[in-house]
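The structures come next, written out as structure tokens.
Two complexes are shown next, each including chain A; its partner changes from chain B in the first to chain C in the second.
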Partner chain A sequence: MSANPGPARAAGSSTPAPVATGSPGEELDELPSAAPAPQGPGERLEKGALAGAQAAPVAPTPTLAAGAPAVRLGRQRWEFLHYALRNRKLVFGFSVELVFVLAAIFGPLAAPYSSAGDSSSAGVPLKDQCAAFFCASGMTTHPSAHHLLGMTYFGGDVLSIMLYSLRETYLVGFLGALFAGIIGLALGFTAGWRGGWLDDILQLFTNVVITMPALVLLIVIGAYVKIHSPLFEGIFIGATSWPWVARAVRAQTFTLRERDFVDLARLSGKGGVSIVLKDIAPNMASYLFLVFILLFSSSMLLSVSYDFLGLGPTNVVSLGDMMNSAMLWSALNLKAWWWFIPPGAAMALIVFGLLISNIGLDEVFNPKLRES
Partner chain B sequence: MRRYFARKIGIYIVAFWFAGTVDFLVPRLMPGDPVQSYLSNFIGANTTVTQYRAMYSAFAKAFGLNVPLWDQYWHFWDGVLHGHMGISISQSSLPVTSVIRGAAIYSLILLVPAIVLAYVLGNRIGAMAARRKVLDNTVLPIGYLFQASPYPWLALAVAFYLGAVAHWFPIGSGYAQNLLPSWTNWHFIVSVMYHWFLPFLTVFLVSFGGWAIGMRSLVIYELETDYARYLRALGASQRLVRRYAYRNAALPQLSGLAIQLGTVIGGNVVAEVVFQYPGLGHLILQAADSQDYFLLMGIFLFIIIGVLVANFVIDIAYVMIDPRTRLAMQGAQA
Partner chain C sequence: MSLKVDNLRITYRTLRGDVKAVDGVSFSVSDGEIMGLAGESGCGKSTLGNSLVFLEGRMRHLGGRAELDGRELPIADTRAMNEYRMRQVSLIPQYAMSALNPTRKFGKMAAELLKSRGVRFATVEEELRRRLGLVGLADNVLNLYPFELSGGMRQRATMVLSTILNPSLLIADEVTSALDVSTQRAVGEMLMEFRERGFVKSMIVITHDMSILAQIADSILVMYAGKLAEKAGSDTVVNNPLHPYTQLLLASLPEVGVRYDTSALVGIPGRPPSLLHPPAGCRFRARCPFAFEKCTEDPPFMELQPGHQVACWKAMKDAGLDIGPAVPPAAAVGEEASR
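== the complex of A and B ==
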């Protein structure tokens, strides 16, 4: 049943690429004859293809397999760099990411107006800056030489607030991806390695969690407890976005555990945990790396939606928060586009860069996808 | 075939039980006392402790919170299965079910056309992009850009440029404010359609790009398979080969649709909030803000039921478009 993960790259909608991608269709699994497993299609550039590369990535990633000699490893690293630097998609995506990461790290130091442009500190969320309403100009201001991206209703410098917000968004995205990755890997490896009734139960659990609309669930939970920290938001995002990872990792583990080198490891008396971590996981290392990138971008997008609805941490500024206060203080009617277009555009660029570098990395990792 | 549906329905029942249990447990396990916070609306400066205690026990009794947890759990499911979800304290004490019914219409006329149209058009355009280089070079980056855009941003941008600046469509509310909601009034329906368009466009756009990208890569992949090569070798027309490729690519896309539902609903909530559209997404946030717990729990369960029903419809569609399942069904009967 697991032998045919099926083309999992059922596309998907706008946000979390992953949610869409990792669908080694439960549907397919159970049908008498499932769709053909993707083997080595000519030009699968999509991130969909990544998650769908169920069977494929196993072949092209011999790098770390059972104890490759160090010399060879070194050569392959150079080869990796060689292809990485020549891949225009990867270079573009990576450059975009680098710019934003640097902005997130050093931005607050270089922000033209420290602490978001007014007397209050940047740690105060915009929606709580009502006091500033009286002391500030009380009018949004067009972008100008002094305020490159204009000013908010409260006299906050949009560029400065954005620079402060980037950190927050990156942090939540990273935490969400981390937790989703840990849960997805743990459940996927367990289900794939152990099989049997444990697999059945974990599959059922995965299928149940997939049907839960995360945002609605968060609204319900948020009605009782306010999210106070990025950590909690990250945990929540991780707790709801792991299912496709678990499915994909499970399917891959199934195909890998039948390999000869795994049998050999078993014969040598290694324990299950050790085989999974030292023999199976390294064989999908490149795939897992791509999975992490997709999780990272989807977590950031989710956190923007949460923050926008006012469900995010209350004591920090984030990109979603900026759009939230722009809407609450009728930036639409004030025609203050600079208040909500730049933060959203920054987010879109960050995720766009990640998606493009993901395609590029896929091509670098997978020789079959390289353009000649 | 029968096993397939039995298994699916089994999963949906477990999912419903899981959602119901979450719905039941969240208010009870979370810190904070709903009755207490509800009572704070009624307490004046001269309310004595004894009065407060009396009120507290009266409300705890009215909400059925004065019995052991297991009995509450039992009552909860009894109510859910009989369609009694309590009364909404924020919506003039109407039964939760009728409040939901009023808002659900708006959400359904928004979601169903947006999901179906985005799916159908996205797949068509994606398949077309797979064969035309010019189209491919435009569809792909635009698709990725839509996929990378945060929902709130897209919604705000649509509202701003088509609503606030161009004034083509109204933003805010689901119908003109001088009309009373009545689905038999022609003016009202026209007004609803007029207000419906922008939120619809937003929900449509956010899922459109993903379908196009996915279909494009699937068709390209299918065109490289053995059966496609064989067909071409036999001299089949390019059109015929592509039609087969499209049909095969449609299957994983359909299972992707089931998985996407939760995400689309999230996008829908955001769109409803931006456009102040009176659907369930807007309502559930209001319920959360006004601590209207019965309404909150009711909407959550209603949305879960909607997702599960949609999943089941997709399962049926899957069987209908995949001849292999039909063949297996006939085989099982023979």
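== the complex of A and C ==
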């Protein structure tokens, strides 16, 4: 269920990407960069010692001077956008995602009906559910002009419920990716940078978590802990899906920490945290970006499957919940396809869009994969 | 007296034991002196230079001290050394060309490095631009990524950055080894220029290339297998070396204008000893054509002529010094076997 891209993708995408690297809008950019070199080629070499010797290396500098950097940088960014917009996979994936994200953010505001009182079983006391069932029995209706995606047994508008559900599913997916990313990066960087016994211990811990069956663990936890909020589900997903991130980041850190520029930073007395964040991490920025996308999609898939099994948050509706209640109330047998097809299709499209844009981004970041 | 190193001992920890890369080294570098540190690969010259700035995880400081401008360098304490790095003692690494972070513009990287030394970039920016201009780099290199610079430009940028805080001592580790001959000369002259302008007070230039040292160094220190062999003014070392190793090293250099198609270029037969278990006595003994019984004892690093120090029993004997009786060979053999 968890889409595990593993380190295989790392190889292709570890090259520093223009978008990740070109970002610094830092102090230096504000300096008057276009000022030409203060000395002309003649004056610059006042001391005879440097004069003859520097002749050859000086040659390339005039072409770079005076106003050149802005042009060059502009072209770099433009070049990245150029490849990003030309990549059909990326454009398609991002468009799909944009539609769903916008629907999740603004949908509930525009939803034709509220989802809270008259929706699926989620959050509604059983007594009321039964009452709703009996009074509204047989009320499932086909999609119509009033209810674009039809109605559930309980008279809930499927479209409205779905708009609310999207928000929850995205929220849990984002939280899960965030927590998994934070834990995975922290442990991966620590193990890779420090190495030695600390690395051994962290690897042991990582391997233990990898072997833990998350679903069984969730059932056990659910039996004891009564907190069932999207936040809890996000944390749980994050806490069980970080190991492969930690491993991949650790491996990348191992290769990068032996690079010469890291050595220079180290022997200049730069602190370890600063070296990891500013010298090592930017060199795998594109990879980390892709990792987050993959974590995002796998977290959403996990949350939907937990919700479908009834292990998710109980006070909100989500795509998994919709499918769960559709199954509980025999929507399949009653051929009420509008109850479970839309959430399933939405989920499939969301994950498909993320994976496709991931492939597209890989091609954009990695010049070797670009179609010329 | 700028730098004074006294009986410094540095080892590398390995699974097979400690490699004694620098074994009891004492020397001094005076203000304004460019000292060349020469020797073949693995003789400990880079270890010696690096240890004055940064002890890697595998390196261990066994003993001895280093004093810079009258203050002791806490070389075993990485954190305490931070106060000295770049300000008092700085290093141009062997890999200066690839020492720049590929994801940072040069200026940004310099700013981060200086920030870690507690220096605000704005306070040295003007000087940095001026010095970059001095080595032929337009000051817009601050806004360029390393891959937009040529190898030589990157090296010069690194050299300027290493010396921006006017360190008292600069250690240039093999800065010329990856360059072609004409660029080597340029870099050598740049180092001399740095000293003349007061960017650095004194300098240790580590290289295996005796010819570049003959051009730029005031004095040359020759190392062999973790120990000092000879130190003297560069003219003396080049024209009148006393240690057999230095003599053979210089003899193995090709001479300009001489064709070697009829006679082969002479090398030094044999290989340097393993520093895992270095032999007792003079370490060059096994390869030395002049070795005699006395050489089973460790030769002291003695000043035989003013400013000319040598660690060699034969040189001492030739200089008319009483070197005492040789240890009976049997005892020496027994001592060696016990190791």
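The working rule: the second predicted complex is superposed on the first by the 274 of 372 C-alpha atoms of A that agree within 3 Å, B and C clash if a C-alpha of one lies under 4 Å from a C-alpha of the other, contacts with A are read in each partner's own complex, and residues count from 1 in each chain.
Methods note: a residue touches a chain if its C-beta (ideal position, glycine included) is under 8 Å from a C-beta of that chain, and two chains touch if they have at least 3 such contacts.
Only a predicted model underlies this, so the values are computations on that prediction, with no experimental measurement involved.
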| item | value |
| --- | --- |
| Which superposed partner A:269 touches (first chain B, second chain C, both, neither) | second |
| Most chain A residues touched (candidates chain B, chain C) | B |
| First, second, both or neither for A:340, with chain B first and chain C second | first |
| First, second, both or neither for A:282, with chain B first and chain C second | second |
| Partner chain(s) touched by A:261 [first = chain B, second = chain C, both, neither] | second |
| Partner chain in contact with A:223 - chain B first, chain C second, else both or neither | first |
| First, second, both or neither for A:204, with chain B first and chain C second | first |
| Contacts of A:326 with chain B and chain C, given as first, second, both or neither | first |
| Overlapping contact positions on chain A, where the chain C interface meets the chain B interface | 16, 20-21, 26-28, 31, 33, 35-36, 38, 44-45, 49 |
| Contact set on chain C toward chain A in their complex | 50, 53-54, 81-82, 85-86, 91, 93, 95, 98-105, 107-108, 111-113, 116-117, 121, 125, 129-130, 133-145, 148, 150, 152-153, 156, 158, 182-183, 185-186, 189-190, 192-193, 196 |
| In the complex, chain B residues that touch chain A | 3-4, 7, 11-12, 14-15, 18-19, 22-23, 26-27, 30-32, 34, 118, 122, 126, 144-154, 156-157, 159-160, 163-165, 171, 205-218, 220-221, 224-225, 248, 251-267, 269-270, 273-274, 284-285, 287-288, 291, 293, 296-297, 299-300, 303-304, 307-308, 311, 315, 318, 322, 324-325, 327-328 |
| Chain C contact footprint on chain A (complex, rising order) | 16, 20-21, 24, 26-29, 31, 33-39, 44-45, 47, 49-50, 53-54, 56-58, 60-62, 64-66, 68-69, 72-73, 259-261, 263-271, 274, 278-279, 282-283, 285 |
| Chain B-touching residues of chain A, taken from the complex the two chains share | 6-17, 19-23, 25-28, 30-33, 35-36, 38, 41-46, 48-49, 52, 204, 207-208, 210-217, 219-225, 244, 297, 301-302, 304-305, 308-309, 319-320, 323-324, 326-327, 332-333, 335, 337, 340-341, 343-345, 347-352, 354-356 |
